[in-house]
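Each of the two complexes below includes chain A, the first together with chain B, the second together with chain C.
So, the complex of A and B:
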């Protein structure tokens, strides 16, 4: 696959030392009527070639904004990247020209959008839309690009691809549309695939199929994949590593097997505890008390502190930002007291909900 | 009817089977947007009537001079303001020219001005609107303030001045009308693009590396095209009226070249309007009929092309 991945002249060779994508201390702000919103507040992570990274977090935790800033697709204004660095294949993307970013979009980085219903142009034939990215980046003729589009449709498991390529999106089912989206995303053999909640808009029965297609496409192209979701089950099934986000920050990151068995951040522990279990006989689900934080003010300490059983009464958690530190092999946690997470069982984690929300 | 339908079959099928069911089945298989739009258009009787009238009028002014001898310029001082006869189907005007010939040739000029000015206005308007909507920022502000200036300008005064400088010929008229007519299209196109560019498929196209011009030409303008076509038909009607009005005021197309407007102007000079209807009724009716037909066509197109009715 490597021979298909285009490497630009100024790209340093990708070795073990240098990940495919290195994001360091990324800050993204949005100017709103209510003031400045700190959507992404110092996010750092990296992804190796061919790896699948699951990014989980609730709505507004900065998952999508983080992913979109990689391509410079944060709507600006009101948004802007206020600081940090994004290095893809040795190339700095923060502050890179629109031209540079445009060349990467769709070629080095492919995006699978959440809702295939709205992400496809309703009045254009599907094949033509898939061919679009190919024509933009490879300068192929219309016919050649269409041929390739048909191949791609076949690759993502769309039956009768020649016929389907000539149809309009409204003639596709939801699952088929998402397959077409995936075909668009992998059209130019990207080195990095960003899947922004690709199964959220789909029927549960279709989700598994689409996940299979993504996995298959990922193997076929060898693309590293950032898989954004709020479905922990999907992460467990698909990803090797997981990054848990909250309030625009990374809470915990590590191997899926490690984190799911032994979370070292109270938020992750709370998320896992809130899942319904097939083995335990839960009458009720166990929620995390309180509300997600407002991102309109920069949080001095830990954004999870007001809802945290460990930190809610501790001054250090409110005053001092916990750094993302190694707590095990390939396992980082942004908690002042990672050792106490394991000490308390999930049941004891949950404090009575006194709806105390920090002002 | 399976999905692997042989494209050659539909042509052969009706010949073999004239039943209504077969036709229905075919319509269901081939549901391209243009086909559906055509079907919606055909179901609107006024729009179809308008289209028929318009086609007849256009073909008439284009082809009649080819098939019959029409001379709109020869003056006949001995036969002025003559009533309609076999020689002169609609009589003669104040200097003895054939009114029917002038009506046909005047129609050519009026329609030429209407269609070309509308085309030019829509081209300018779409381009400016698309650029303003897509690029935003200072480009948007500049173009839109420019549009405001043109809209608040007293057109008539400006046109009279310019005509005074350059003279009144077809090209000057077309450019002038377009210059004051592009603003509406620009605003509509800009508005449509402002809403379209937030659509996820446009964002998606951006995420696949599309340049602004690509976005405009592939995703934004085609989506705005139906509105633009409708606007254009209405502007054709408007410009034909404007030409008539300007010529009526004497700052439009100048005699001896005939236009529907200056035929009316020539007719108003006579105090005997009531006694010589062949001088003003034909051009007046022609203008009314053309404008009405175009407006019906525009209405029909708007209903047929509106994607929300799909």
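So, the complex of A and C:
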């Protein structure tokens, strides 16, 4: 318990002003047939108004569940927020009534979902789907809301917005659907935008365009943005700060420039090393050996320990949970030996010729 | 849409003809001569043999089957469905007086079945794996596995014999012609037909709703700030309706056979009780006419279902 207290303390908002969103020691569990799954296990972070936070992690690292918890959108059952606190604009959301959360959904917080092919209702006109959120929160008339929907479609770069608003999702291409999805998310000028892998389901050629639209929308509305992705390149391009997640926990967080230059967690270092590089003369990609951990048991130590070059043979890494501690300005790492990550360059740690790593 | 409908109608007509040929052949192949069957066995002599042969010739039953078919279908188009072999009345007249009570029973039973299935199926889906779901599932399984006529007899025993609340047979009390009396007679047969028809549909509605309730778009709708009820009504239901419509269309023939049973139990003067009687006597002009009507009903309901699709699902374009 004491270590959780220390986490709370260590991740207290950086800077003087109160952050837009403060998540503290969030615990989310899922009841499954195989037992209880600890999807999010003590995650703490904050985001300031207007800031873009990139959240990176593999599938199952808890990044989406963390974001969905903010609005109480984790399906329950089987999901359940088991502990922690989520404070948005000074309001506690864990344990808040459905009514309270509903008022925030689509107004203070907008969500862009991953797969635009399935995230839109196939039997409703796109304009009406966008207008719906406007009508709920602003009480506009049907016509006024539709007018606004057309404006929004134009804003996100959908050509012929009047015509498009009258069409159904199946008449849109993937990229256009995602634009419509973005229009829906920013319809009520949210203070916080959650983008849950918004480009993952799209063609590579469309991804860049959609990223531009998100950036543009973010500037237009000034919304703080949680950008969830497993694409480090996207984070580098878009975000100011990055949070790296693994096994339902935060591994490392800090400014993008700092972390990309000098990661202080072996997992981040591994992620960076596994990126294909144009400058390095590698024929092969460098994967992180091993598989993500099962979340069916609470990990006592560090979830990355079985795959970690540094901690694999160390007892403390298996037995004791590394607290998320400050390792530099605006830079936190949950590693018992952050200095050892810094000691050797990431390329060396998981270099292709390092037989120990590749075993 | 227009061109589609024309083509669809053409194929419907073709299928209709094929059905009449098959039915006509099958009924004529069935054992038992309708004329011989009307003669008591103890009066059966060699003289009757000649009488039967003469009768068969008179009715044209000794001609080749294709000729008989063509004659019949030719007359059918002029509205002449032939005469009953048993009592010599025109089949169209017999059917005409029987069809209204059956349609009344079927349509009311259908409406009741759909309402029950949609309401309780949706309720069970929303409360999946909770007590409400279990209770609804229990009763729907019980209804599925209990034959309609058994429920009918039990209901007659309870409501007519024991409680004396409702009449057990017919469409009205002899000599009474009030709406209240007619409604009273409707309650039991309609409720039981509706109930037995609803059970299977209810299971299907529950399944369709459950799969749509976890669809991504409902989460989107929730994230827009809709209430959970609003999401179900405005988004999920409309999507679930698409597969449900097909099942309803396919239910109509089942509904007719359900009505046949219920009519027998409640002595409802419809086509069902008529067919049961006539089948025993192998009165094939009546049987064929009934089969033809059934075929028309099935084909039309499928056509209607296809057209309804386009109204519910914008992705379906009829071309």
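A few remarks follow.
Heads up, the rule we're going with is that the second predicted complex is superposed on the first by the 332 of 359 C-alpha atoms of A that agree within 3 Å, B and C clash if a C-alpha of one lies under 4 Å from a C-alpha of the other, contacts with A are read in each partner's own complex, and residues count from 1 in each chain.
One rule holds for everything that comes next: a residue touches a chain if its C-beta (ideal position, glycine included) is under 8 Å from a C-beta of that chain, and two chains touch if they have at least 3 such contacts.
Computed from a prediction, not measured in an experiment: that's the story for all the values here.
Aligning the shared chain A places chain B and chain C in steric conflict.
In the superposition on chain A, contact is made by A:132 with both chain B and chain C.
Within the superposed three-chain model, A:184 lies in touch with chain B and with chain C [touch as defined at top]. In the superposition on chain A, A:36 makes contact with neither chain B nor chain C. Using the contact criterion defined above for the overlaid structures, shared-chain residue A:103 touches chain B and also reaches chain C.
Within the superposed three-chain model, A:118 lies in touch with chain B and with chain C [touch as defined at top]. In the superposed model, A:160 lies in contact with chain B only, and not with chain C.
Once both structures are laid onto chain A, the chain B stretch out of 2-10, 20-28, 38-46 or 74-82 that overlaps chain C is 38-46.
When the two complexes are laid over each other on chain A, chain A has residues 71, 73, 102-107, 110-111, 113, 115, 118-124, 129, 132-133, 136-137, 168, 181, 184 in contact with both chain B and chain C. Within the complex formed with chain C, the residues of chain A that make contact are 71, 73, 75, 98, 102-107, 110-111, 113, 115, 118-124, 129, 132-133, 136-137, 168, 170, 181, 184. Note for the complex: chain A touches chain B at residues 71, 73, 102-107, 110-111, 113, 115, 118-124, 129, 132-133, 136-137, 160, 163, 168, 171, 181, 184, 187.
The touching residues of chain B, when paired with chain A in their complex, are 3-4, 31-33, 199-201, 203-211, 214, 218-219, 222-223, 307. Looking at the complex, you find that chain C touches chain A at residues 214-217, 219-228, 234-235, 238-239, 242, 312-315.
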